[in-house]
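What follows are several structures.
You will see two complexes here that share chain A, one where it goes with chain B and one where it goes with chain C.
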Partner chain A sequence: MSTSVTVTIDDRQIKARAGEKLLWVALENGIYIPHLCAIKEESRPNASCRLCFVEIEGVDRPVTSCTRPIEEGMVVKTRSLRVDRLVKTAFELILSDHNLKCRECPANRNCVLQAIAKERRIKLRYDRFKPIVREFALDDSPAEFAFDRSRCVLCGKCIRADREEAKIGAIGFARRGINRVVTTFKDLPLAESICTECMLCVDVCPVGALYYKKSQRQKKGNPLDYPGNKSSG
Partner chain B sequence: MSATDPRKIYTKLLAESKEKAGSRQDKPQILIGTATCGIAAGALQVRDDFIREIKEKGLEADVIEVGCMGHCYAEPLAVIAKPGFPPICYGHLDEGLVHRLVEDFLVGDDPSYEYALAALERNDVFPIFEDFPRGAYEKKLILENCGFIDALNIDSYLALEGYNALVEALIQEPAWVLEEIKVANLRGRGGAGFPAGLKWEVCLKSGGDEIYVICNADEGDPGAFMDRSILESDPHLVIEGMILCAYAVGAKKGYLYIRAEYPRAVKHVQVAIDQAREKGLLGSSILGTTFSFDLEIFQGAGAFVCGEATALVNSMEGKIGLPESRPPRLAQQGFRGKPTVLNNVKTFAYVPLIMKRGADWFKGIGTPESPGTAVFSLVGKIVNTGLVEVPMGTTLRQLIYDVGGGLPNGREFKAVQIGGPSGGCLPEAELDVPIDFDSLHDAGAIMGSGGLVVMDQDDCMVAVARYFLDFTQHESCGKCTFCRLGTRHMLDILTDITKGKGDRDTLDLLEELAEDVRDGSLCNLGRTAPNPVLTTLKYFHDEYRAHIEEGRCPALSCRDLILYYIDPPRCSKLCNVCVGSCPTEAIFTREDGLKEIDQEKCVKCDNCRKACPPEYSAVVKLSPPVLPSDKERKAK
Partner chain C sequence: MQLLKDEKEQILACVAEVLKSNSKNREDLIPILQKIQAIIGYLPELAMAKIAEGLHVPAADVYGLATFYNQFRLNPPGKHQVKVCLGTACYMVGGTIVLESFERRMEIREGETSPDRLYSLERVACVGCCTMAPVAVVDEVVEGKVTPTRVDGIMLALNEANNQNAEKQKPEQDGGKA
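Moving on, here comes the complex of A and B:
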C-alpha cells in the first residue's frame, strides 16, 4: 500500500502518493511547470532539458522537479527570481540551437516551446545568445512524415516511443556535446533504416522536428505539456 | 571469519620475498625510472645504455625498472645502489653520463658526486632529498614507494611488508576496517572530498548479495598525472586498498576503471593483479580465509565525462557514458543496479597505510577537517615540475616556491590554476590559502584531482579561461542544456574577447551565463566547468576589460590583439637572422639596411622574435596592434 502525503505547491495543499515526482504532482493538479524531456513512466528521469526548476523550502538552490520525489510537508514554489532566471537561460539556450522560423513550421501554434514562451513571457527570438549555425539535411524519406533536425530539442521522447512503445529501436542519441543528435544506425535515412514508420515518435514530438507531411493530420500531443490543462487526458 | 590463520601464509610469502630481495643486495642495483614521464624523457634508451655498458665491462649488476620518483624535471633518472655506498640518485642521464657512471662508480669507486642529485639514505658525505628546501615540506605517504620498487614484481612490494595491512584486517572483523577509515576521516581524493568511510557505510547498509568496489582511474585533467604515476609505480598499494575496502563492505568483485590512454598503467596493474592472485592475495579464499574478492580492469575509451561517477558506471554497463541525475547514489544503486563503492586511485592508496599505522596517525597529518596529504602534479612555469606530496594545510605559496622551487629565469608569478577544468585560477593575493578541501573551495578553486599549473606574465588569463572552456565544451557529453549549449556560448564569448570584440555587457552576460551553468547543470562536470571563467573574471577583471575596451592583451599573447614590430634603433644592419627565420618572407631589408616586417604577410609565428640575437632584442610585440608610425599619425 502506498502512503499518501500532503505537499504545498504555490500555496495550494495537494495530497498525492509518496515518492511520486514533484513535476507530475504539480502538472496533474493543474499547476504548470515548463518541461520538455520528462516522461512519467521513466523510473530514472532524463533530467536533461533543465526547464522544470522549482524552489523547495529548506533546499539551498533550485532543483529539477522531475527528479524530486515528494515528501510529507514539502513546501514548493514554482516561481522565484532564481527559478525564473535559470529557466529563462535554459530556454534561451535551447532557442539558440533551434530553427526559429515558426511560420514555416508545421507545429506552429501547437508547439511546446511556444507554450512555454507564452507562459513564462520569454520572447521567441535569438536574444542574449547568438544562434548556433549548422546545416542539417531534412530527412523526408518516410512516406507520411519527415524529420527536421534543425527543430529538434533533444528531449528524447521519440526515442522512448520507438524503443518502449513500438519496440523497434530504429533511432537513438549519437555523438557528443554540441553534436548530439537523434539519428539512426549509420545515420541512414529513416526509410532505409529498420524504422517501420509506425509514427508513434511523431505524436510525441513536442516541437516540429518530427511532423506529418500532410498538414491536415495533426499530432496528438500530450495536454500536460501545455499550461492551462487540468486533466491528464 | 578466518578458516585458517592468514598470518601463516603471509609469513611464508614475506620470508620468500625478503630472501629474494636480500640475495640481490650483494651486487650493485641500478633503478631506472621508467614510468611514462621517464620514458618520454628517454629512460628506455638509458636503461639499454646501462645494460650494454655493464655487459661490456663484464660486471655483475641488476638493472631494474622502477616507477616515478616525482622529480620529473630531472628525467631520465636512475638510482645506483652499490654495496658500501649509500644509494645515490642521478638525473638528466644520457649515454655519456651512463658510460661515465659505469666506469667511475661501478668499475671504480668514485660515485661522481658532481652529477648526483641526492642520496637516498643518510650518510656523512652527500645530502639526501630531505635536506633540500622541499624536504621540509614534503611528506610522502602514498608516494613513498613510487620510484623505488619494481612495479612488475610483487616481491618488491611484499618485501616492504606490503599486504600486511590486509593480513591484520583479516584477523579482525570487517567492521573494524570501516571504523578505522571513518575515524581517520579519509576524504575522497577524486576532487570533492566526500568522506570515504561514510560512502562505504551507506554501501554496506544498502546490503544485498552483490556489492561492487570500483577504482576510478579515468584521470583526464590537462596537466594531471598523479593517478597514472601511482598505478605505474606502486599498483599493489592501490590493489591492497581495494581489497581492504571490499572486506569492509562485503564485496566479492571489483574493477579498476583505467583509461586506455594509460597503456603502461593498464599493463602494470594487470601484472600486479595476476601476481597477487598467484600468491593467494586476490581471488577465492584470500590467504586461506573464507573471504574472496577478485579484480578486473575495465579500460575507458577516453571520454572525459566518464570520470564522472554515474557516467563511468553507464560506460561499464555498455551504455553511452552519460551522467544520470542523483539520487540514487552509487553507494545505494550503482554498477548493475547494485550498491557500489567508487573511489579515486589515491583514496584507495591511503587505506593500507591507515590500517597499518592507525587512524590517529593519519589524523595527526594535515588539518583536522582534511587529514592526510595532498598529491599534486606541478606543471607550467615552475622549476621543479613533477609529483609532490605535502600535508594538507601547506599553503600554495610554500608549495610553489619552497617545494616547486618557484618560477624559472626570474619570471614573475601571475596565477596558479588548481583542479583542472573544474578548478580555478588564483592570483598572488590568494597564495597564502592553505591547501585543503574547504579553503580552496572558498577561494573559488577546488582541490580537484591534483593538477597544479603555474602561470606567469606571458599567460593571458582570458586565453587560459578560453582554453579550459574549449576543453570542457569539447568533452561535454551533450546530455543537458546548460553544459551542451551553455559551455558553447561561453566559449564563443571568450573567443570574441580574445579578439577584442565585446563591451561591458559582454562581460556581464559571460558572468551570468557562467553562474547559470554552475547552478543549472545536471552533473558535476557541468556545474564546475564555469570555475575557470568565474575565477578569472573575479581576480583578473582588468585583463578582460583591457581586451574589450582597449583592444589590448596585457600578456601580449592573444594573436588578434598583437603585432610584431622591429624597433629600428635596436635593429642592426649587420644582422640578417630574422629574415631567414620568417616562413612567409614577411621581413625585408629597408634602404637603410635595417629590417622591417610587412604586416600583411606576417602570420605572428614568433620565429623572428626568438631568432633575434639577445644583444639586439629588436623584435617586439605590440598590443594593441598599432604601429608606432600609425600611432603618431593618429595623434596628429
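Moving on, here comes the complex of A and C:
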C-alpha cells in the first residue's frame, strides 16, 4: 500500500514509509531530535515550538522535522552550527517566560525541558533574554490535578487531548503574544467549566504545568519524548 | 460584567437574528462576532456562549478568538471612553504611567468597563500626534502631554459632568443608581 524509502539520518541508513514525517522516523530509530509541540497523529503539525530543526542536504535552510515528509535519498543532519543556534534561541525564548523553580516542580526530573537542556547542553536558566515570568493563580479546582500556568510552554498537547481524545472542548488558547494562555471559556477555574476531569491532558503535558496533586501518581510520559540516555518516564 | 435589565433578552434576540441570517460554518465565526459587536457594541459572554452553541464549536474557541483580536471588546463601551496611547513615542515618555493613573482613578484595569458603565479604558497604539506624547483620547478629545495630575483633572471634569447629568435626569426618571 505504501512505498518504503531510504533516508540517511546522521550517517545512518534508515528505511521507512514514504510520507512519514522526518521527526518520527528519527525518533523511532533512536535518533533524538528535541521537540515539544509535535503530535504524531497530526497531519498538519503546529510546528510552533521551533525545537526540531534539522539540516537537509540540498535545502538552503534548516527545516522543522515535524513538518517534513521523508523522501527517497534524503540526507539529514540533526546537528549543525545553524541548527544548534536556532534550537538554542528557541529554547531560551521558551525558558524566558517559564517558571524555573524546578525544585518546587512536580515534573522535576521528569520534564521534557530538562531532558532537552541536558541533551543539547543548554543551561536551564534565564540568560540572554529578559525573563518575563507572569503571576498566575494556581488552578487547583479539579479533584485530582492542578494547572500551574507559570510552567506552561503552550505546546498545545493538552488542547489536542481535550478535543480529539476526550472530545470535550473545555480548554483552548486565548489572548495573544506574551499574554497567550491555555484557558477555559471566560477563564473559569477548570472545575467550574465543562471539563470532565478525565485527566487525559495531564498525561500529555510535557512539563509540570498540568500535574497530579498526589505525587505518587506519575504521568504516563511518552518515552519518545526523552533522549535515549534517560530512562523513560 | 453585570447585564442590565432587558439586556439579556436583547442579546438573545440579536444572536438568534444574526445566526439565522448566516451560514453556520466554523469560518463564519469572525463575521458573526463582528455583526454582534456592531449591534450590541461589545461581545457579552452570553452571546459568545450562544454562538458557540449555534456553530457547534467549543465556547473556549470563541473566547480564544475574541480575546485574540483587538477589534473585539469583551466589555461594554462606557459612557465616557478613555483611550491611552502606548505607541512608541508615548510609551517612551511614560504612557504606562498615564494608563496606570487612569486605572487607579477608575478602579478598573485596561480593557475593562466600570460596573456603573460610566467609564471604559483602553490602550491604543498611536493616535497620530506623537509630538504631544504622552497622549490620551478622552471621548474623542485628544489630551496631550498628560501627567498623573492631568489625569486627576480629567477625571474630576468627567465626574462633574456625570453628576450634573444625573441631577438633570433625576426629576424625569427615578435614578436609583449611584
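Note that the second predicted complex is superposed on the first by the 227 of 233 C-alpha atoms of A that agree within 3 Å, B and C clash if a C-alpha of one lies under 4 Å from a C-alpha of the other, contacts with A are read in each partner's own complex, and residues count from 1 in each chain.
To be clear about the criterion, a contact is a pair of C-beta atoms (placed from the backbone, for glycine too) under 8 Å apart; a residue touches a chain by one contact, two chains touch by 3 or more.
None of these values were measured; they are calculated from a predicted model.
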A:Asp140 touches, of chain B and chain C: first, second, both or neither? neither
Partner chain in contact with A:Arg61 - chain B first, chain C second, else both or neither: first
Which superposed partner A:Arg128 touches (first chain B, second chain C, both, neither): first
First (chain B), second (chain C), both or neither touched by A:Ile94: first
Contacts of A:Asp84 with chain B and chain C, given as first, second, both or neither: neither
First (chain B), second (chain C), both or neither touched by A:Ala170: second
Touched partner set for A:Cys49, first chain B, second chain C, both or neither: first
Superposed model, chain A: greater residue contact from chain B or chain C: B
Touching both chain C and chain B, counted on chain A across the two superposed complexes: 173, 175-176
For the chain A and chain C complex, residues of the former touching the latter: 163, 168-176, 183-187, 193-194
Chain C to chain A touching residues, read off their complex: 45, 48-49, 52, 57-64, 67-69
Complex interface listing, chain B residues touching chain A: 303, 305, 320, 324-325, 473-482, 484-486, 488-489, 492, 509, 512-513, 516, 519-522
Contacting residues of chain A [partner chain B, same complex]: 44-51, 53, 61-62, 64, 67, 82, 85-86, 89-90, 93-94, 96-97, 128-130, 132, 154, 173, 175-180
